[in-house]
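In what follows, subunit A forms one complex with subunit B and a second complex with subunit C.
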Partner chain A sequence: MPLGSVIFAFILGAVIVAVTGANPFAAYSGLLCGGFGIGCTQGENPALEISNTIVFTIPLITTGVAVALPFRAGLFNIGAEGQLLAGSVACTAIGIKFSTLPTPILLPMVLLGGMAAGAFWAGIAGVLKATVGAHEVVTTIMLNYVAQWLVRYLIIGGPLQLAAGTSKSQPIGAGARLATILPADNSFIVFGLPASVYRVHTGLFIALVAAAVFAFLLWRTSFGYEVRAVGQSQKAARYAGVSVRRTIIFTMLIAGAFSGLAGAVQIAGVDHNLTDKYFSDTTGFDAIAVALLGLGSAVGIILAALLFGALHSGGAIMQSDAGISSNLVLVLQALILFSIAANFVGAIRRGLPFGRGVTPAQPSELPPAAGLMSEAAVPPPETT
Partner chain B sequence: MSALGDVGHLLLTATLWQAALAAAVLLLLPALGGVISERSGVVNIAMEGMMLTGAFFSVVADLAWHNPWLATLVAIVAGGMMALIHAVVSIQFRADQIVSGIAINIFAAGLTVFLVSRIYGLQDIGHVGPTEGLPYIDIHGLDQIPFLGQVLFNQNVVVYIALILLVATHVVLFRTRLGLRIRAVGEHPMAADTAGLNVFAIRYGAVLTSGLLSGLAGAFLAIGISNTFIQNMTDGRGYIALAAMIFGKWTPFGAFIACLIFGLGQAIYDNNSIIHFSPYLLSMLPYVLTLIVLAGLVGRSIPPAADGLPYVPGSE
Partner chain C sequence: MGHKRLRFLVLVAAAMVFSLACGGTTGGGGTTKTYKIGLVTDIGGLNDKSFNHLAYLGLQKAITDFHVQGDVKESKSGDDYIPNLIDFAQKNYDLVIGVGFLMQEQVGTVSGQFPNIHFAIIDGAGTDSKGNDLKHANVQSLYFKEQDAGAMVGVVAGWLEKNGKAKKNKHVIGAVGGISIPPVNHYIAGYKWAAKMEDPSIQVLVGYSNNFTDPAKCSGVATSQINSGADVLFQVAGGCGLGVLQSAGKAGVYSVGVDADQKDADPSVIASALKKVDVATYTAIKNVVNNQFQGGALTFSIANDGAGYSIDNFTVPADLKTELDKIQGQIHDGTLTPPSDIPA
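Presenting the complex of A and B:
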């Protein structure tokens, strides 16, 4: 089903490209080259393109997990972006403040700090949901914007600004940085290029560990059982003795920690300072597509993150080689979302369900977050 | 002088309130659309994308035909088309309405810039001449009233239209049979279906209306205020409209009051040259206020009962 959705989206995307008078084959070969280093025509280095794809994939895995875990509890975390920004801010602030500390102390500090900040940001939504029943979709949207404006404030005129007139922060200390996988050595040649141009960093392992932790939490712990129970039916979970409130709050805290970690890793591994690039960052929104496409499993999320990482990385090559705006990637991403959510492929297979009541009711096919608004719109009535 | 004193001084100028009303209307139109859509039971977080699409197509049409009215019509239709996608995906295919809404917003952000590059090259789209923008209208006589005249009767034509639409939305929703039906479908679609209402048709109509209103807001933004299209120019206004809708407890006038508060914040932000307070912190205000409302500190805000649930005939 997911693969069909992706193919369906790419076909629709090709139609849009063709209708606007461009060549869809040129567009997609640009994407393929920039994403996976396959079929490059302008002399791009395939290894470098794959390295770039992985750099984009890393935060998508971690934020994808941050969306997928609440999904299992019937919660829709649209706030991965805000939580990521909170993590980036915390990582940057700690990395600047304690810039002289050595790596073994400072690196864990910035990563844990980022996790704590992300958990706090998501925790607001979790607590509001669990106590007064405020819908987490709405609260996390609001928190995203608060985080965005906070970043702008901090680096434009605020305490983290590098110098007047700039829109970036000071760089974090050397001890707060994640190492690149290849040594930053210009004399060391890898695939025809000096090793230092490959930006792929050790955050990759952190992201993979995060995905493993997600799977372990969900399937091998009692907390994971509670998460799934709450996601299936809050009422049934309550009868089974699960504290729905506690589960909602902890789910959001952990999800926020994942997103915050993604933001911290992005600062520590790639950017080394907070820049205006973060104003228009969309990782946390891409994560929604990643989680949906990955069907909420760790391996699925990693594969889906790789696809979207490749799209992002490929967009730049498509624009430079084929002259087609990299914004086509956003169009494709939206089409993939439509396609998964509406299950167009399944609908085509069943015969289009036009008209009322053609298909029988299939509540089990409802998307994971659909049920949450009925019973979850009111706060769980708990006294204990 | 203190920041607070500066703001106090600013609050006494008619220019500020004039700008505040215009900014409020920009939020009011999509917020009204959101109220109508959600009252019918379809969650709509796609106002941002519908508005952006409207903004883009209004500029394209205006540059092509040099007629702001035609361009506005095109924008309204374009907003409606995006809403139609949302309606088909979430009503017909029963997709998750939030996922569909997010997809619309991403789609609009990508498609508009993609089309700019296809139509105008990878460069800027260009400016619409001032004569091709939506006109400002002085209501002669009334605009001579001190203070209020400038605030209320010296505005863009869209402001007057929006205020009429505000009253109309309220009347239709709460004083007519159609409004009762819309609300019935949003509260208990099965009961409405049993009573002989066409749930799908009413929801389609409501979602489409939200697109038309958001498209109009896009035209106001692009050819009424900015006279150009810029990548992602709605800049979260669709989401602030969503916040206003919730803040206003899913009622037109409640949403309007919220829009006025947010619009005032926007106007103060735009006039920040005389205040020494970070405009970025001020920009958080709508979102923080909405969080406070949601936290139940200023009264509960409860959505329509069936909001967000796809209707499957024959089931609850």
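Presenting the complex of A and C:
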């Protein structure tokens, strides 16, 4: 189903490009070059394009996980963005305040600080859901705004502002930074370019570990079992002795920690300071599409994040090489999400004679989020 | 004569050899080098009706006038500045232009990575993460004398007050700045200076919203100035300043736009103080084409047609037009020099 949705989106995207009078093949070859460094015609450096894609992919993996985990519990975490911002604020604040500490002490501090801040931010929504039943969709969306305006205050006129008239913070201390995989050296030439242009950082491994932790939690622990039980049916879970409230709160706390980690890694690995770009950051929203497209599985999320990272990286190349607005990338992302949500592919398959009756009917009593990634959609890998 | 002619022929021959040597890939078919210019917008995008759009117009004009291939990358987020700048740089573009001070740090980083590539940045410099100018020799900063543009709209405001053509005629005008930083204060300095020159009895209220994006904040400052009798309000606060224009419209007084022509923002806008980013972009490209690129600052003012004003939803009386032309001429030839600090 997810592959079908992506193909569906790309076909429809090609039609849109063709209708506007441009060449869809040129558009997609630009995307392919910018995303994966394949088939570049205008002097792009494949290694650089792949490096850019990975840099964009890293936060999408971690926030994708932060959306997917609550999905399993039947919760729709739209607040990954706000939690990411909380994490990046905490990372920046700690990284500036203790800027003289050495890496072995400061780096864990900023990463754990980011996780704690993200967990706190999501925890607010979790506690409200578990105690007074406030819908997490509403509360997490609202908390996104609170986080965005908090960032705005902190770096424009607030305590983290670099200097009057700027809209960014002080840089974090050297000890708070994640190393890049290649040395950040302008004179060391790799693949014909200075090594410092390849910005892939060790946060990649953190993101992969986060995805593995997510899978382990979900499928190998009793907590994961409770999460899935609550997601399937709260009543049944309660009957089976699972504390639904406790599960909801813990799910949100852990999801927030993942998002917060994504924000901290972004500051520690890429930006090194909190800037005005975070006002318009959309990583936490793209993560929703990533989680849906990845069907809530760790491997699926990594692949979906890679696709979205490649689209992001490829958009600019497509614009300069093929002259097609990089807005097409946003259209493609929206089409992918749309076709997953509407399940066009399934509908088409059911409508065709050879596919009729193959797709089992969706169970109707699941919460809407769970329906998209229910056990029916993904067989649990509990084979060993 | 013969000597000059010979030199010309040698140049042409050299150009032909050069184009043959690089030949084939672009297929332009010209005998001169095609200069590759890359424009990286900030997150405002090409349709921002302001800096990015004007820079694009400058690029288009250069494409018409010179042998220039112009490519644009719109940045969707701050994450895109570095990859976009690097992409043009590693393809050996002859000039990479960054629009706006939002990417100062990124231009600083990338210009260090590619010391042989020329960069230009509108309204900024290539800086480190603390905002210090790295003074890379391959970066040209395109700055503006905002006080020149401010002075022209100051003439409009002062003339209206002096001649009783404003809405309240209490000899009070206002200016709403975003944050008290040099580019904002330059505008206000020119405005106040020129208004006082026109109408010595004028009182110029200056306020700051401490914000560049939220129209409500600027609206508050504007309303308090209107309540104090101001009937021409100059906004120097970007997106926040739209609140100034709208408040002036609601109160039935005049307003003045900033940076780009803002006549469409509100019917109350009678004039706009202009930073001619299109002229700056075009000039930077022209310098590269003429092999005259220089690192450091290049300042645009009335003297080189890089700053100015537009008259918007307002019919200018002939007397005012005469006065504007006179002052503009005097600033142009240096008889008058608007101050960069706000006068007392």
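Assorted remarks:
Simple rule for what comes next: the second predicted complex is superposed on the first by the 350 of 384 C-alpha atoms of A that agree within 3 Å, B and C clash if a C-alpha of one lies under 4 Å from a C-alpha of the other, contacts with A are read in each partner's own complex, and residues count from 1 in each chain.
Assume contacts are C-beta pairs under 8 Å (C-beta built on N, C-alpha and C of every residue); 3 or more make two chains touch, one makes a residue touch a chain.
Everything numeric in this text was worked out from a predicted model, so none of it was measured.
In the superposed pair of complexes, A:Leu106 makes contact with neither subunit B nor subunit C.
For subunit A, the partner touching the most residues, choosing from subunit B and subunit C, is B. After overlaying the two complexes on the shared chain, residue contacts for A:Ala9 are found with neither subunit B nor subunit C.
Using the contact criterion defined above for the overlaid structures, shared-chain residue A:Ser325 touches subunit B and also reaches subunit C. By the touch criterion defined above, A:Leu150 reaches subunit B but does not reach subunit C. Judged by the touch definition given at the top, the superposed model places A:Ala229 against neither subunit B nor subunit C.
By the document's definition of touching, of the two partners only subunit B reaches A:Phe76; subunit C does not. Once the two complexes are laid over each other on the shared chain, residue contacts for A:Ser196 go to subunit C alone; subunit B is not touched.
In the superposition on chain A, A:Met252 makes contact with neither subunit B nor subunit C. Using the contact criterion defined above for the overlaid structures, shared-chain residue A:Ala262 touches neither subunit B nor subunit C, since it reaches no partner. Comparing the two complexes, residues 156-157, 280, 282, 319, 325, 327, 329-330 of subunit A contact subunit B in one case and subunit C in the other.
For subunit B in complex with subunit A, the residues that touch the partner chain are 43, 45, 85, 89-90, 92-96, 98-100, 102-104, 106-107, 109-111, 113-118, 122, 200, 232, 236, 239, 242-243, 246, 278, 280-281, 283-284, 286-288, 290-291, 294-296, 300, 302-303, 305-310, 312-315.
Remark: subunit A residues 16, 20-22, 76, 78, 124, 128, 132, 134-135, 137-139, 141-143, 145-146, 149-150, 152-153, 156-158, 280, 282, 285, 288, 292, 319, 323-325, 327-335, 337-338, 340-344, 347, 353-354, 356-357, 361-363, 366-370, 373-374, 377 touch subunit B in the complex. Those residues of subunit C whose C-beta lies close enough to touch subunit A in the complex are 38, 43, 71-80, 82-84, 86-88, 90-92, 102, 105, 109, 112-114, 129-131, 179-182, 210-211. Residues 42-45, 48, 52, 56, 156-157, 162-166, 168, 170-171, 186, 193-194, 196-197, 199, 270, 272-273, 275-278, 280-282, 312-313, 315-317, 319-320, 325-327, 329-330 of subunit A are the ones touching subunit C in the complex.
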